[in-house]
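Labels run A, B and C following the written order; every chain starts at residue 1.
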Amino acid sequence: MIRDLKRSLFVLFLLLCAAMILATIKGTVNIPVADLFLKENQPILNMRLLRILAAILTGGGLAVAGIALQAILRNPLAEPYLLGTSSGAGLAAVIAVILGISRLYMPLAAFLGAVASILIVYNLSRENEKICDKSLILSGVIISVAFSSIIVFLVSLFGNEAMHEMNWWLWGSLQVYDYKLVLLVAIPVLLGIFVIYLFAQDLNAISMGEEEAIHLGIDTQNIKKLLILISALITASLISICGIIGFVGLIVPHMMRSIVGPNHKILIPTTCLAAAIFMLGCDLISRTFFGPLEIPIGVITAIIGAPVFIILLKRKKKAT
Amino acid sequence: MRYPVKKIILTAVFILLFLSKAQAAARYISLAPSTTEILFALGLNEEIVGISSYCNYPPAVKNKPRVGDFSHPSIEKILSLKADYIFCTGLEQAPVIRELRRLKLKVFVSDPSNIEELLNSISEIARITGKSREAAVLIDNMRRDIKAVTSKVSAIQQGKKAKVFVEIWRDPLMTAGRGSFIDELITLAGGINIAYDLTRPYSNYSAEKVVNANPDCIILAYMDREMPLKLVAGRFGWSDINAVRNKRVFNDINPDILLRPGPRITEGLREIYKRLYPKND
Amino acid sequence: MSILLKIENLAGGYYKEEVIKDVSLDVVSGDFMGIIGPNGSGKTTLLRLTTRILKPSSGKVYFRNQDILAMELKEFCRKVAFVSQDIATDFSFTVMEITLMGRIPHLKRLQFETKKDIEIAEEALRLTDTLRLKNRHINELSAGERQRVTIAQALAQEPELLLLDEPTSHLDIGHQIQVMDLLKRLNHDKNLTIAMILHDLNLAGAYCNRIALLDKGRIFKEGHVEEVLTYQNIEAVYKTVVLVNTNRATGKPNVMLVPGEK
């Protein structure tokens, strides 16, 4: 099994390098490869590299957060935004716009909004210090719907500006203007991925069931709380710079699970790389397919993700 | 007892006629900020009985009743005001227009896509409101203001013209292409819009393209005005753009005079020109 | 003859109800104990209290004189293993992967399994006659095969005490005997102490050396098979008429049902 891991990682790493190279040389502006490294083109090169970093962080982070939630909630439909993070961030952003808060603080507002909604969802679903999986999912859905309605309400009251803001949130973008933000966000995201990986063994046991995991010596309640919090932090951090990018956290874990199996020790690192490659691919498409226009990345991940998901589902039906 | 009965009757008739004519003073509603500005510029004020909540110029609008926002005015309110004519723009207001016309109200749609059409629109509005004389003066002034700029521009060589990037929105980055008023203003002011090849008036744009085009000036024309300069100048990869290096990023032009197809468009033209060619002024 | 598990005046249950009211029970090293009782008597709750799934409201459980709640969870799981009724099939782990999870109590967090762990897992698979299935996915197996894999996982924990909750209820009689024989062999050859909840009184009678009969959260009768499986005890607890004679093959009591209607 260790041999498999090494081999898969090697192949994925090569693919990732290829994707990174492609993403560097292709963009909305056509620059011949030879000229790309000239001093005058350095800003564009830098911008592309920053985008690549954002894509890798977003892909890896959302996918691993998705894996953790799928194992903890024992639900294959779980994904990073399930616990209300997306609508919480969006609501905070809209409120910030309405209150006239400077653009500078928008990422912070989004981050706080995402964290706030997780706390609300967590508290709603708690029964005496214990986490109940079904309550968690239900509360997450309810809060998402509630916040989304408030967003629509506010937008209808305050009009166009708030609406414009929402568009970006809804579909996400890897165009981040502030490189410091990307570096800042890289810290919790990479740390978070690492910590989740540390708990791979626990995730294996937890995905067998709450009681089964306790029987194997896993402190399920505390570990669940910790990993949900970490998933939320990863998700909130990424939302604050890139908006909401759907499907990555749901599709890629499923794809990889059907290829490398459900053992988290292998699943987590391979999915992380695969998701990064996926994001780079989607970002490339969003930047190059339609001329100077940039299609929001969430649209591309959905357009690619949905058919892939359907194919996977059909295959699963055939198997059972 | 020789009361001048005839005179009294005539005076009474006159007074009655006068009163009825006063009561029959025109009533106009404007559903868009641009048409509001045009109406006021034509000298109307009392006749304007309703405006949209977005109308913010001239200052006299403060006291005018509002009939709702730009895309969803209250039809009830409009009906209650018993207007003779309703002025609005096309685009988003199309469903409203349909509804108003269905209710047999008179609606004039002003939807110019360039300055010539704008001037024609002003003439039309003037004809409807009986202000043709005022319109002629206004149009004349506007043409004069435009000429004042274009004559100075004609002296500038093509190669020396300033490249301009107009930023309408930041996330996603949006700019104005051909067919937009701003694009026309920039051209008239002697600038070259780096997004000239965009066929849509307003569209997403790639940051990479901006960096590659290296504009000499960047004009921020947001609908909300508080986009701090440093957020644009501090963008990753933008520091080497001419406009950023030479500190020619401008957020101090009132976007209303750049985006609104109204009488102040010539002011917008002048402001753009002043920033593109400060030395020529 | 040391006492492995000592349950002392245990009481506990769920939110509204204290299912276990007062239970004291000793499981001696080498025992093959059967826990029987009608529905609702608290058998599963008792096991849950003993495996730290539930916290008792009063009373204590000791493993070799150590309070189980004072032990580190992984340490406890190295000593006591639990076999549930069925294994979850949401995620398609392979048989080997599932059995290897039994080594978790012995592994540190990031530690990968060593060769020794793999050997222990394979031994567990061999003992349960599932070695040939080791690379198959768990959701492809039959109920009987899955049950044996569950046991294999527990065996991989190398416990001193094995607790089971009705391991044979989904199985046909052939597989029931197969599993019970396996457990008896492990009890005998490996000195594995076993305590299991059983539905089938006759299986309990045939295989166990001691039986605890639970009724309404208390021990009604506890002791050797012949002492407990009497028609008086069974009728008192199960509220149904039975006849008890001797199974000629095993020499142990055999409980026969007496239908109310003909």
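Operating definition for what follows: a residue touches a chain if its C-beta (ideal position, glycine included) is under 8 Å from a C-beta of that chain, and two chains touch if they have at least 3 such contacts.
Please read all numbers here as calculations on a predicted model, not as lab measurements.
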### Summary
Neighbours of chain C that also touch chain A are none
### Query
Nearest chain to the global Cα centroid?
A
#### Entry: CA centroid of chain A to CA centroid of chain B, Å
43
### Query
Cα centroid separation between chain B and chain C, in whole Å?
83
### Message
Show me the residue ranges of chain B that touch chain A in the complex, using the header's touch definition.
### Response
69-70, 169-173, 195, 197-198, 203-209, 211-212, 223-224, 226-228, 231, 234-241
### Message
Which residues of chain A touch chain B once you look at their complex with the stated criterion?
### Response
27-29, 31, 42-44, 46-48, 50, 100, 102-104, 159-161, 164-165, 167-168, 173, 175-179, 243, 287, 292-294, 296
### Message
Applying the document's contact rule, which stretches of chain C touch chain A when the two form their complex?
### Response
48, 51-53, 73-74, 76-78, 81-82, 84, 87-88, 90-94, 97-98, 101-102, 104-105, 107, 109-110, 112-113, 139, 157
### Query
In their complex, what parts of chain A are in touch with chain C?
1-2, 74, 76, 198-202, 204-205, 207-209, 211-212, 214-219, 257, 261-263, 265, 320
